[in-house]
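A, B and C are the chain letters, set down in written order, and residue numbers restart from 1 in every chain.
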């Protein structure tokens, strides 16, 4: 009996020709336990249609609820997706399962193989009537007008928004259009109106997020991102360092970072640090001890970044809460 | 006959168990006049159910329209909320009345007792089908799919957006998801797509708002906030000074302030001033007369803040339109 | 037979009194060809009602599909708008035709006479039930509540969002509320959640737009706007120079420009350049050759703008990819 990486049963939206547009998996399962594994052994790898009978026998064979009653009650075609390993995705159904795994907090960002997901996700109009293929949208708009109805188009994108599929416990999301399916929002996370979390990006929680968490970026517990603050991404126009931010940091409003930060770091409001930024490192006595590039400080903890407002110098000094950095600095004098 | 602080009749949304999720008060009344007071004297303090007969007798006793005909016509249970004083809120209905008082322009921010409002506001999914409790959302999403419908989730938050309850006269709001109920938008206010106004925050109007007005912040007449500009809040990660901005100021795009400003102040695009920022103050002749912290300039008028682009010095000089500041400066020489 | 500047057949939304609130033109035509011109010669200049018979005879007279079958099938009153020249608009229908011309990529920004468009566009509540006049909104909100329905208000604005009228081919728009009708999005444009494109503003495509394209601004092919980056507008609070950005530029996250840029220019993350910013121009050898104002560099190519992080000096040096700028600089030594 082979291991299974992930499994889910769900429903899909399709276009007029039966092409799948999106998938909804209410209860995805990561690494099913032994008793579930045997129940799944007859199902094919990848996506496949699942009859109600199959679904019910899955539940009884596993001795557990794999397919919740609410899905069985839906009276709509069900699909199952079985991923034997975390390989590149072969279908839209597989991509959606991975995005669900992230948003259901079953996997952290950067732990899943997301190769090829863009290719399997169609660019769709996400509307008040659900997803519609872009080339079918003009007819849909016309049709709505003909009936005196409003068809509202919320986005035209490959990724849907998370909350139409799952709202994890203990979060607040002030503007749901800014959280893509595939985002990981931990317990206690508040994303304010200016906040943004891409797919494969995380706020571990608790966090107050008023800035942007780019694809691949993980923000640790107790860290706050100020309004319009930026974590530099790697998909376009950004650097090639994957940014992460540790615990209990504060990225000020309109500030940003292109380097990963450890714990208890602060960047003052309005200051943007990149990997290439020359930064003067100061010790506790106010002496400059080094001149480094931002990337040389990548991942360190207890750093406070400010720009001296009288001479324009960007400096890093030990955050008041701790002295670890300072010892580390002098070790390299 | 005791005075009454505020009164309103409205309708509520409830969950399956009758728990109130939100309240809609079309015509809240602040400090009712004498003839209305006597009509209200039989109603209990706080929130209570109001029969149609009670509502009609209210109108006839007051000799005025307290409960508009449109509410009477609704054929839905009505509630009344009577607040004898501006005390901490005891119920969601009382909180909603206070938020309505602000958005109906009956009270300015920071003039209401908002103690305890977070505790009375449930965290809800605000959807195309109205507010839904977060723990009931999965079933609602499933149910919508089962019927081939789209359930759109707009936010998951304690506060709803203002415009689903009231649109004050003479305003434009390019993206309504960015204005919470409890915001005060004065006549002549335009909030562009990047603008944001929290509850208990105001644009007195006329204003062009393309930046963020944090909780507790009041922006005066004729002041413009540039795109992504920031007013530092006090709720999380910000300072402890309540920011306000006077009249005819300009906060440049991507700029920000952590200190209150008087009238006719300008912060250049991209510059962030905080209470702790050392700032060189220049007189009209171009001489530096003082080096102060931002908070030392709090509330002054006629200030222009720029960062000298050749030596990095953040300076404050007299805004060309006026000379009041300059006199004040030399008084402290 | 006179020339015609533009023509379209469409449908409108109206209020209870028949006043037009918006217009939908699925197939606007710019400068109709000769065979079409004659078919249109009997129609009046400006907006007018069009009977189904007239519409069908238009098609047969032109020997082409001027009015698509889908419009004929709608069983709703049709209107035609014929603009003999690009004059100031005389009606809401004419304004909507011009906005459609832009979003259908038939005209570039700044090539149309947009005089007077604000005056013809009513300020409307754009809702899940379509556009509603602001003064009719309270009754509509009440009416929806009475029926147990949710009326969602998306914006209160003169301009609707583009995608409810047209989605041009080959674009992605992560948050549709941030693209106004009248925006021009070229093939290959992705506008992320933080991006914004006003009416009469363009991303020529391909572009990755995570910043704001203000009214009148055109962004060239291959140029990326980083998150929250700003192009200074001329409508309010901005300068009086119309900004444009050439090809293959990169405006960093939280950066901004108040001057037009040529091709292959970069502004580092967090730096805002305005027309009045003193900028030190450096040659390839690292020597400062000039001190100029931002506006003196307007429109040049191959410029890299950074703020020296150790002395605060804003400098412009030749972008590594090219040397044209450098030659130009020394010519002015």
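Some points to look at:
The rule we apply is simple: a contact is a pair of C-beta atoms (placed from the backbone, for glycine too) under 8 Å apart; a residue touches a chain by one contact, two chains touch by 3 or more.
Here the structure is a predicted model, which means the values were calculated and not measured.
Two copies of one chain, subunit A and subunit B, form a contact in which under half of the residue numbers belong to both partners.
The angle needed to superpose subunit A on subunit C by their Cα atoms is 120 degrees, rounded to the nearest 5. Measuring from the averaged C-alpha position of subunit A to that of subunit B gives a distance of 31 Å. Chain contacts: subunit B has residues 128, 154, 177, 228, 254, 270-271, 307, 311-313 touching two or more partner chains. Of all the residues in subunit C, the ones that touch subunit B in their complex are 123, 125, 128, 134, 137-139, 141-142, 145-146, 149-159, 177-178, 196, 212, 228, 230, 232, 236-238, 254-256, 258, 270-272, 274, 277-280, 291, 307, 311-314. Partner subunit C is touched in their complex by these residues of subunit B: 11, 24, 26, 70-71, 73-76, 127-130, 154, 161, 163-167, 169, 171-177, 193-194, 208, 224, 226-228, 250, 252-254, 268-271, 307-313.
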